[in-house]
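The data blocks that follow each hold one structure.
Look for subunit A in each of the two complexes below; its partner is subunit B in the first and subunit C in the second.
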Partner chain A sequence: MTTSLITPADPAAPQSPGGAKLRRPDSRGLPVSARDALSITGVWALLIIATTIVRPDFLSTQSLLAVTFTMSISGILAVSQAIIVISGGLLDLSLPVSLILSAWATVTALNNGLPTAVAIPIGIVTGMAWGGLNGLIVVFGKLNPIIVTLATGFGGLAVMLIFFKSAQIPSTSELRLYGLGRFLGLPNIFWPMLIVIVLGGLAFAYTRWGRRLIAVGGNPSAAKARGINLRRMRFASFIGAGAVAGLAGVMFSAVTPSFTPAAGASFQLIVIGAVILAGISLSGGKGNLLVLVLSVGFLATIPTSIAFFGLAPAWALVFQGALLIIAVGIDGYRLKRTAR
Partner chain B sequence: MTHFTRGRLARLGLVAVAAASLMLAGCSTVGSTSGASTDSATDSTFTVGFAVGGQPDADWQDLQGEVAKGLAEQRGWNFVELSNDNSEATATKNADIFIQKGVNMVMMFNGQPSANPVIAKKYADAGIPVVTFDIAQPGWYFVGVDNATAGTDGGTALGNLAKSKWNCQVDLVISAEGTAAGQINTWRTGNARDAVKKVCPNIPEANYVSYEADGNLTTSLANAPGVFAAHPDAKNILVVGLNDQAVVGALQAATQLGRDGSIMGWGQDGGLITGANVDPHLAGSVMYFLEGYPAEAFKIADEIAAGKAPAVKDTGTDPAASVQPCPVTAAQAAAIPNINDRVSQLAAAPQGTTEYDLFCKA
Partner chain C sequence: MTATAPTLFDDPVVPPLRRILNSFRGPVGSISATLVVTLLVGLIWVGPSFFSPSNIQIVGVSVAIPLIVGVMASFALLAGVVDLSIGSMVGFGAVVFNQLVATGMNAWLVALITVGVGVVVGLTNAFVIVRFGAEPLAVTLGMLTLLRGLSQVVVVSAPPSTLIEPLYNVTQGAIAGFPTLLLIGIGVTLIAAGIVSKTRIGRKVQAVGGDDRAAARAGISVSKVRVIALVASSVGAAVGGILYVGQLGSASNVLGTGLEFQIYAALMIGGYSITRGGVGNPIGGLLGLLVVAGITNILNVTFTDPNYLDLITAIILVAAVLVDRFRGGDAFE
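Let's look at the complex of A and B:
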């Protein structure tokens, strides 16, 4: 049995202003999440420096646009995945379905003449409904979340294939124009991601809901002993994660003029990779969303760097896959060390 | 029963409902095997067995069945249609059904080629000739689009546009690859690049770059920004790719990075060149009219029915029949009827007509 470094019974557990509670300092006196942040920042800086040495023009607004655009949808989805993982729900493998289902609902609403202000909530509520379905099966059926979401992922894809072959957002809709625009020099869709990460981080650190979610994920027995309703919290985490995935779907529909039901599949690896690389433990109860944004940024930089190096783009997947394995290994090592 | 609490029963019920829902969802994608138009082929009338692919996201596969049915009726032949349901097991079972029904030949699209050797053995033992679409199998007549010509046609059209608009002053030629497609990718993107080089021979080799688009817009849109960022000074940009999705992904990335001032793309397959939301920078595409494959297959069937079976040509490089690709500009594509109307017009056309004859020659 593994134990979390954060327990809900420990009201003195340190908190990070940007995310979930900071974990116990390591042997060098650094909180674990700060160490994670430093590690990722260091590796990210190395990647940027190496690319800049080879191609000095890497440090440009074009690169910044490329990276921020690439990380926008992935970043929102990573927050959704992080909510599930931190709450002890292991992983949600049906996130690509949640993304596309929400995007499809948004686009369908727009194509039926509904205003943008209505279409966006429809997309978000669709994501919540999908999360609710997963939560219902996982929490009340007491089934393994990975198996359940794997199954609902397949089933959801199949159902979507019945209802639509491809979806197209109206080219003159406000949402589409928003997706093509920029604010403060960066893609419009980058800012909702940043807002979601900041709000999510604050919610984990400063709200009762966030702290209870961490408690449920980190040490369910202790959380239950303190009167927290585990089922309700886990069900709420699926719905909350679904809402965030729904927002990702709305943003996805804004930047993707045409998409098919299977279009979300390519996000799976980068989202899971970002979450694990950020030190959000698969055992639950641990994680920091500020580290997550660094992780997403680092992974989003890899394809751009590879283009500057002139390498075949398939190398991006090789690097991301390798990093994922390393991150999982580090997570496992930490758990073993904690258990000792 | 006393061991079961109400909560456990409720949980059991929930799990059962969820499992049933998933099973229904799964089953509904498989679809139902289409009923045979002819129950048996006991008479001497020539009988064609047709197995549609049954992939859920491909309308054209079902329409291939409709086209084939119309062509069989046109000839007064019996017609047996089944769906492979995108499944190896179903495709194999369908072979047994066709043999049992005594068909004279089979036409099929099977998206799971690993089952083809087993199916081929069954048909070979029964002495039934087979026409396969797009996926080659030794011993079967191969019918597919001429991908090599499609790539060359697309590249030539785009090169000509670059010549007329920019006097071949091209700073970047981006190739949105789908390496998993293997030789097809090489034919479509490689030949397109070669064709651009032929029309505009002075474009430096360093101006040709490739990236992985994986044949879909999402991946293309995720990977293309880096390519544009890595070539910040490129003004006049051309994009070729495995298909329309890959090309449009690059064009959209250019828009996101503010690099769409002077860019043109030419797609493949015609997937995104029609409709209300065609990307303004997608200058054209190469249409294949996938639903019209049976028109080529029935030319082979005519010879077999006449007792003059042609020699089997079973590879993509030496096909029994090639579906001629149709390069169209965005304006020309807008004038081509939608897929259902095309099927109707093909059914009403004289015997031997192809969709290329109907919609491209003009």
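Let's look at the complex of A and C:
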């Protein structure tokens, strides 16, 4: 199945302009990622229109703030997950631990009087260390990442529960004030998310490392034949994804006055859902981060829409679950058709 | 009852003692060793009271429902499709059963409806996975969320309590010192083990999980086997939900959260794999669950922080898949 995907296995190979990783034209001549982007934008617009018809006050600054706020941390985490999935690491089920561990490290550093400029790198490095631990087990044990991160996910949560019950950020710290602030009318933390997605997208398209990651994910044996060290790339992908998750943890600590170790669990599904909805296939080697930001936005709009429809918040879970099922169904159907 | 790869032809004649010893060479052997170690630790740390009837009752009651759910879910694993939605299905099944019984409907009819819900959920999973060839892990993760959401939509505040006399007797009673529910669970496990290792159906399931293309060439309907396996998994979870209502007398909207992780960790410790089908045996699953339940019990009795359980389970899980790989299981890359 994977052999039919045209993958730029050679990092030095010329890349088509525009940076789209896979310009696999379909019958209408549109690249797959563009079609994904269009369909997600369409469904997103439908959701917004439907909500606005029922409740005209939906189109307000308040909704915009709520949606962009939800998007911020999920978006950064989705980039972290996307790095793992695109590079062929299947899935990282321990992202909630990564998030909370980094947030805890940041908050602890601040509570011990360290300056913000030190606390933020501490949070990011903690995320890298966690990713490194997962990477070590995966690479040296040659074990399936889903099983490894399943184990480190609930093992890590248990360790955190043993060591702390809840963590508070100092309410007067610079980071906390940053988390409360706004820039250009949107929450401050929205902008780092946008920067991460843009930088990540550019890195995948234009840097040697990014292309190698795609190559390793799309066709490992071809990548190996080209002299790419698979184990080093796999380890690096976990460290890189960990750093991004660490940044998400720093942002999370900035906007959450107090959190428990289990607070990360709610991000698990929206992140995996966003990645799959964005057409980043679990078989690896393809994906577009621009589509990812759209799918994060769409999924982040659902809870707000649900609230405006006057439904119980639990309906958001029902819709997100159903959407994920439909999205993977479409993804599977598409793979099946191209394989034929 | 060997846990090694299925043979399509009759095995050469092996003396009985050798046969028994051989069956311990696979995952069942290492998990038996782990169980013995767990029991020894229990005996040393807790003392003889670890094996007292009341303690066995406690362990038996706690392990029985996950065992029944796990054995049914193991058919899906064996067929090469993992069903992550079982924990939420247990919860949703329990919620449906509890709410409908509370309205005064006949309990048997309600049980039938609950099983019907399980069939519908299983068919939905199977439709998307088999018809569209979607990733089972992702589909059932979606179903996990959807069902959890539905449970929370149905049960907003305190759920009604129900007491169904015969169901309570089954779930809390004991026959000759052994919990009835555990005996039922062991019975289900033995029947499942017999199906897997002795019947054509079991071999078909193993073949589909091991290599679906080869199975298809051999004339086995891969889709049919996987649909049946996924429905079995959901129905098992629905039945588990009904039993939980019998045991607890109610069903909250968080019942069964994370149960799938415990069950799959135990099954993987017992020799199953969630990434490839065709391996594993219900007996191994039973032993895996007993190890986890034994550790839980030791921690409970010694008043240790229950969070250590998840940590220990995680370590054993990684160790188990590592041992499986050294034994010739698939390596990742």
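Just a few scattered comments:
Everything below uses one rule, namely that the second predicted complex is superposed on the first by the 323 of 340 C-alpha atoms of A that agree within 3 Å, B and C clash if a C-alpha of one lies under 4 Å from a C-alpha of the other, contacts with A are read in each partner's own complex, and residues count from 1 in each chain.
The working rule: contacts are C-beta pairs under 8 Å (C-beta built on N, C-alpha and C of every residue); 3 or more make two chains touch, one makes a residue touch a chain.
On a predicted model such as this, the values are computed, not experimentally measured, just so you know.
Considered on the superposed subunit A, subunit B and subunit C are sterically incompatible, since they clash.
When the shared chain is aligned, subunit B comes close enough to touch A:62, but subunit C does not. Applying the stated contact rule after C-alpha superposition, one finds that A:282 touches subunit C and leaves subunit B untouched.
After overlaying the two complexes on the shared chain, residue contacts for A:170 are found with subunit B alone; subunit C is out of touch.
In the superposition on chain A, contact is made by A:320 with subunit C only, not with subunit B.
Look at A:307: by the touch rule set out above, it reaches subunit B but stays clear of subunit C. By the touch criterion defined above, A:151 reaches both subunit B and subunit C. Look at A:256: by the touch rule set out above, it reaches subunit B but stays clear of subunit C. When both complexes are overlaid on chain A, the residue A:161 reaches subunit B and subunit C alike. Applying the stated contact rule after C-alpha superposition, one finds that A:141 touches each of subunit B and subunit C.
Overlap of the subunit B and subunit C contact sets on subunit A: residues 137, 141-143, 148, 151-152, 154-156, 158-159, 161-162, 312, 314, 316. Taken in their complex, subunit A has these residues touching subunit B: 55, 57-58, 60, 62-63, 65-67, 69-70, 136-137, 140-143, 148, 151-152, 154-156, 158-159, 161-162, 165, 168-171, 180, 187, 255-264, 266-267, 303-308, 310, 312-314, 316. Partner subunit A is touched in their complex by these residues of subunit B: 10-11, 14-15, 18, 21-22, 25-26, 28-29, 56-59, 179, 209-212, 214, 216-219, 221-223, 225-230, 232, 245, 248, 252-253, 255-259, 272, 275-277, 279. Every residue of subunit C that touches subunit A in the complex is listed here, in rising order: 124, 128-129, 132-135, 137-139, 141-153, 156, 258, 261, 264-265, 268, 274-275, 305, 307-311, 313-315, 317-318, 321-322, 325, 330-333. Residue ranges of subunit A in contact with subunit C, taken from their complex: 91, 137-138, 141-148, 150-152, 154-159, 161-162, 220, 230-231, 234, 269, 272-273, 276, 282, 312, 314-325, 328-333, 335-336.
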